[in-house]
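Let me begin by presenting the structure, written as structure tokens, before commenting on it.
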């Protein structure tokens, strides 16, 4: 038989339970480790074949030659759709995906990021 | 003169109503969120909304009749704040009371609904016209049971003044239980008056945008939301005075605390009911009110009448 | 003074921007009092030219575009497209890849139906149901994020197979999540059967009789709630559905309440399907290397999306770009029956009736003004694109400055704050 | 009613369909129908062979002419694709809304995106293009590369 207010018991229970939501900027829940976020580039491995540029659905990555056997990758974070196709298409595994996803900026010019992670630990942008 | 000014502006008047209104809205929204397993807004959220709305640019629709459009929110706010003066908050004596102020308070609580109707109708937008008409049709559904319940307990107390009712029930605590049906019915009707979820048909967000308040913005919308808060406080304290008359003869501080607790209990009940139900359609709401609430209210009146004859004075 | 009798019906425009409809479509409802007398639908507001755009992209790039047709059923479109391309190229995908595609498809059906349940609750004013269903939906969203790397646009499909494999640890996580979800869905099922106000708002609303559903070719839960037992997974099995056993849920109450029960029933079916997949998934490679050029040919592929039958027609001409891609989303088939359902209903029912077919208009419309290439300097192509549309669209920056200036001549000066802010960022 | 039986029945009933019926795979049959015989075949397929559900109508620009494919299915199992070729100058086809009312929106899409004239269709909103879309421009045609004024702007 149906009666109004059937959800009452659940409401009372959740009154005493910990809320399921968190105050986002203060506390961050983060993304699971397999998450596809911002790209990471390793210039040593790159041979400048531009396979990633060809396969990128939104023309977000650009590989430029800056010296003998030295390449830098410029990624437009606004255009990038974080699909990871460039990581798969790169024959030399020069590109990796990190789990960083909070990339919003006020000034659009800062969204064009030059990745040349000279060494693994401090990839300066 | 100064004492009257103090009563109107400071204590039971505007300043107290504003602060208590914001607090009541905070309690309502926080409980509503906690029932839904969410954290809910910080304590200053209602104040922040009010300030944000006040600072916004005001746009009056072209075809709207601008005087009526601007006047209605203020009328609603004024009517609901005046009603507090007749409700006994500190002890058994309200600020102004005469034999018959129950009718005045109930009338003053109906004025905001008419103000929203006129405001909605004169903002000439299709949605607000439909919303305005709906708020009137809803008015006829919940008004009769609400009046009957309050008048039933007035009849038992054999006086038409709120202070008299409060005093009577304070002396004869036993009579309180016979009004329990009236209290439940009045609470449900208060939901209708405050347009809370099971009966928030005039302001049905998913059907007609914001009902009669679609065209309102900035300052006027702030006043409308403030008048809803004040109406919630006034309605809750009316029910508290009529149906929950405890501890009226303790020292003033304790009495004010009792009053706060009673009002917060009623607000908690309102927000619990608000979380519990889905919004009814207008036809379902009207036949619910006339099939269940009105008969219960009549039953309450008959019960009180027989009780008055049987019980010694 | 004309009397009330010929009081001309009030015409209400609902949409394209309207709180009830999360998506841009516009209905013109004519009302007498609270009764809807007639309604007409106008679509096309969100048409993004995906079919034309696909013709200029290679298959791998087109796949990511097709996947973004709809935010909720992205896997349906991408699998449907990939199956058509593989059929033309004659690639036989490995069994493990088929099982993985079915797994992600069923998880997507779970999250789409839970989302719909919340939206339905919101449409009838029952926000508590929205909050609870969307809280439980997070369980399956996080699961999808771990399995595929993204909460919505999974990008798990590629021509010839799947891009990510599932580890045994992830299998436990899936089973644990399914147990939680099953217990929550059982609660919602007996809530839907027991809560009076919910039933009163859903029963007898948006009636679509069996004959009308047949005549107007309704698909998916909308058809199955009117007694039409049709499910592409059963009738024309694809991926791994041939080897899995499941029931087609159908009710013949023909109203919104029936659609709710069908969707809840399908949720339970999906849980048992996911368990079967985790149990029976074979080992083996997940991807077959295929050449970038697809031989000439054409294929039609069908997929049972959460909203109904999704149909993709692909024609290849031997190059690495498709010659023609046609997408018919399930909502396009269901939209015809909405005006039939709305006849002489109350205005209050209109949002829930429209929500009941679970419209996804980003699927239905796929074209808008296209920036043309050629001599327009590449740098400000976006601005050119907006200017093309013929409307003087305000660029975000000017809007911000206009706001600051508006407050300045009211005595509140934000300019110093603005400098600090831009320096900060 | 397997694919072969359907193919057999079609070829017996219509001699001119002799070699144009191909079975791509289980549940998919492609049929080339000459334009003048189209409505006759269509009515027979819908009425006698019970292919009641019209899933979609696809328009194609083959460069030398247009092609329209009607995807019909019966209880969801077998998908029959009737395709008919139209000439380049004034592509024209008759509306099938009399037999499948749901075809209305697909035919409007043909009219908007390809400029194929569909006679016998009821008046109504245009789909999917906006009302202020310039006349004579049909986006899904191969020769359409963008708005005219965009080219010379």
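We call the chains A, B, C and D, going by the order they appear; numbering starts again at 1 in every chain.
Assume a residue touches a chain if its C-beta (ideal position, glycine included) is under 8 Å from a C-beta of that chain, and two chains touch if they have at least 3 such contacts.
Note that this is a predicted model, so its numbers are computed, not measured.
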item: Which of C-D and B-C has more C-beta contact pairs; value: C-D
item: Centre-to-centre distance between chain D and chain B (centres being mean Cα positions), rounded to whole Å; value: 62
item: CA centroid of chain A to CA centroid of chain D, Å; value: 43
item: Distance between the centres, which are taken as Cα means, of chain D and chain C, whole angstrom; value: 25
item: Touching two or more other chains - residues of chain A; value: 4-5, 7, 11, 20
item: In chain B, residues with contacts to at least two other chains; value: 35-38, 275-277
item: Shared interface positions of chain D, touching two or more other chains; value: none
item: Those chain pairs that satisfy the touch definition; value: A-B, A-C, B-C, C-D
item: For the chain D and chain C complex, residues of the former touching the latter; value: 24-25, 27-28, 30, 52-56, 58-61, 69, 71, 75-77, 79, 81, 100-102, 104-106, 113, 124-130, 132, 139-140, 145-147, 149-151, 153
item: Sites on chain A touched by chain C in the complex; value: 1-7, 10-11, 20, 31-36, 55-58, 81-85, 88, 97, 105-107, 110
item: Of all residues in chain B, those that touch chain C in their complex; value: 35-38, 55, 57, 126-127, 129-130, 197-198, 200-201, 204-209, 275-284
item: In the complex with chain B, residue positions of chain A that touch it; value: 4-5, 7-8, 11, 14-15, 17, 19-23
item: Interface residues, chain C side, partner chain B - complex; value: 10-13, 18-20, 31, 34, 121-129, 131-132, 135, 195, 197-198, 200-201, 346-351, 406, 412
